[in-house]
């Protein structure tokens, strides 16, 4: 059965999928996104593309951007792991308790505190952080039609008290070097990146292709770095539900509160899915279900 | 390069491997094991065997037994996950804080509290729990020369205050049905199982073979259950170091304080390694290194 | 206005006192106590007695006994404070989290973990702990009609999983010397002591009389030890409601889940009150209100 | 023995008092204060004054100011306790864990988070918060020579990341109404108030005099409010050492990292002491010792 047939089956099966998920509403820009949007795009290692639904519509990638910034930080700086750990957190993604217990070292780069440390690292090693990060993502996706959504960024900043708390607390504990306002500005912009499923699937192919750009075959990261990032996606990519995702889908991946999820099957494919309604853990309900069905149908789970 | 050549390379490379690991010493039976023991056994999906060092010598499998008891519980009872969660813990393996925060529901079946709940479940559905568990393991390994080490079991019981605390606390919180002393007795026996690398590798083949006994091809667990257990091994198999293991080795697995580690590469092989000296997280130092080298050399990491 | 008039006013005022309190029901022996019982006894430094209601009826003093065992431990052993701290806990009385954070040293001797350490200390320095503790309480009250309620003790033991957890956990952390079963037996007996308001008020006079028995004027504890115990009652005597009690009543005291409360006004009086219905923090609703009214009417709060 | 003689004895006894205390050094303005400063002032209910050492020298009152702002908030607004609790914290004074566990409600108004909530309340009910707070303190002390130390305030702001974290976190949790920057500005100014022991002792007399200004006998707060504030000082006035202070000194009081401590003996006296070297809990070593000696010598402890 080819991938397009599989996606069509999934689309059909999920037409009547009922769930209690809710669109994120902490900022109006996310709250106004129609809850019934659904798109999915699978990009093969042989560069074939398969898609269903709203797979070309852009949405706010939110925390999915943490994978890009981590990859960019690894490109520029080898030493990261003394400032952010690589272990799953076992706590909601924005826990201050964890930071307090562990002296300001975030458990991993995909919880907010960890991503803020990565932002701090990027601010220290990039000249024009915002431009360079955006350029990096565009290059990965081989697509220049990717941008920051300024309204989202500004709105995040207005409601981002918890992130302000996190970065100031880590500054107090000595794990932040740059000005906290600069870090927060960069961080909120990064979360506001707007991309489609199709663009996300292509941009993530580097992680399924041992660190090489699938289009140009240019090496971006060493296989060892890719192995690390993929392992972190596997154990930490889904807030307090990494185990459940691993268990249901069985692929490394990353989700965002915009309703997007990207997953990779190393050496085989990448797949991005988008559906804005979230479960109580902040992951797309329908998105998780679609990925679960994909790996069940293909039998291509890593487990 | 064939697996035997790989193992020989690993053996040679690790001859001079220096580290700060220490043999577990909380009970004399473990403390007296010579620290320089080292064995490794790889069992292929085609039933070929490859080994180095002390791969036929039995050691105390300790927490590796948690995978067996979880599998046995899944065989007998479908509903488990309302009593023990499937998320990584982000805390040391014996944390009472986690239990207190989460109303007596352990984060996963591989931390001690979770394994005690599984013991409680087995006590409720088995007639002769100790005999049946041992029989199950022998059957998986197709080898009757596997037994409980009574001296270890008795010694564990003498020093197991923390486990007594855990099970009583969960009883207070309503997540334990059987008598606490019966549970503890069963739990300590289970930890005392003595097996060799060779036996472990064979017994774990069921998890790499979609739930079928590799020898008889008899179905033991459904593929879906296997996917779940493997996912839990991936995210929770290494105490507070699951991320690091995932990151260095990239395979689902489980370790024990006896110095053993088993890992599986689904549909390819299982591998067991034994070296008694542990790192501060309770995982075998040399064992982890050997597995890391194996997946680096084969390039067969799941990531 | 003399004390008897005051107590009569309080009795009258509280006749119509409505509240949501509930009788403790974790053991049947406590659950069966009629919820409308109410007694109060004030014992003056000049040995005058004043009382209302069921002031001569015995009830289970429960945690109030922790003050007696602490006093007895101080009589026999000077060094206590390296094994149990003197700070308020800011957590429910039976928290394992606090113990985990602070390496097995309970925050104070009036939370369960702290009282278990005191029991351990008494087991080490007394020949016949149960007899000697009972004798001590009888001597303080100058009344031999005080006894252990065996049914309560046995019932507590049957349901005391949380205390079993606490003492085993501290044993694991090295802060318990004796056999855990011996400690628990002694602890549950101590909680089962049955006394009346009148007996309690008299027995506590030692704490209001600088350490001397009010009847015989014999010195039992040094003024400095009394100051310490009173200070601990002030800051830690009411589970997670010490501040509220201090704030409403303003006197050092101790409560128990049997519905009893004893408070002392150093150099003036002691007062014991009993009403079985508890607020969500485990303190007698009507008892707290009665004491609040007493200190409001007398203006004799220490603040 | 009169109070002056007592103070002279204390001064003499403490001349050779050796300890490991250290001057607070997180901002240069505090670090540069000579560590051997020592002053003490006792103000009697009959308005007699007694003093030793540097009792007229101003220092940064820091957290002692929290008592003033709480009193001012109680003057203007009856409802406070739904936004800040009255229980001792059992955690260091700036814990984010406590806030996380308890949904943004600080344990009491004397930990930093609680004081920030009080600042927020004052911003909502005062027209010119800074002026009105300073005026309030001057009025209590009947002394206009009290001022904000702007250099301290600015320096606090530069290093106050932890307080920025606390207020933003509470804003995220819905317990902050005003702009966080305004609150922080007001908070840091309040901490920077400079006063002498003599001024502090006089200003605190209101708390020992049932809520009336000792000079004018004008009523400032109701006796009930005073009883509450004094009770909070008793149980929460000394960071994570309230129990120890209660235990050694036995009086309600409040300390600051500038090395000042004020204590009150209701209806008798107030006493302020200053010595900049702090113990590990942030309380003045010599200050605590001096107060301990005072209550031992007078026998006037409330216990």
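We call the chains A, B, C and D, going by the order they appear; numbering starts again at 1 in every chain.
Definition applied: contacts are C-beta pairs under 8 Å (C-beta built on N, C-alpha and C of every residue); 3 or more make two chains touch, one makes a residue touch a chain.
Not measured: the values here are computed from a predicted model.
The minimum number of touch steps separating chain B from chain D is 2.
Averaging Cα atoms per chain gives one point for each, and the point farthest from that of chain B is the centre of D.
Remark: chain C and chain D have CA centroids separated by 32 Å (rounded to whole angstrom).
In this assembly, the C-alpha centroid of chain A lies 55 Å from the C-alpha centroid of chain C.
If you average the CA atoms of chain B and of chain C, the two centres end up 47 Å from each other. Within chain D, no positions touching two or more other chains are listed. Taken in their complex, chain D has these residues touching chain C: 85-91, 98, 107-108, 226-228, 230-232, 234-236, 240-244, 246-247, 250, 252, 266, 301-303.
Contact residues of chain B toward chain C in the complex are 95-97, 99-101, 161-162, 164-166, 168-169, 171-172, 180.
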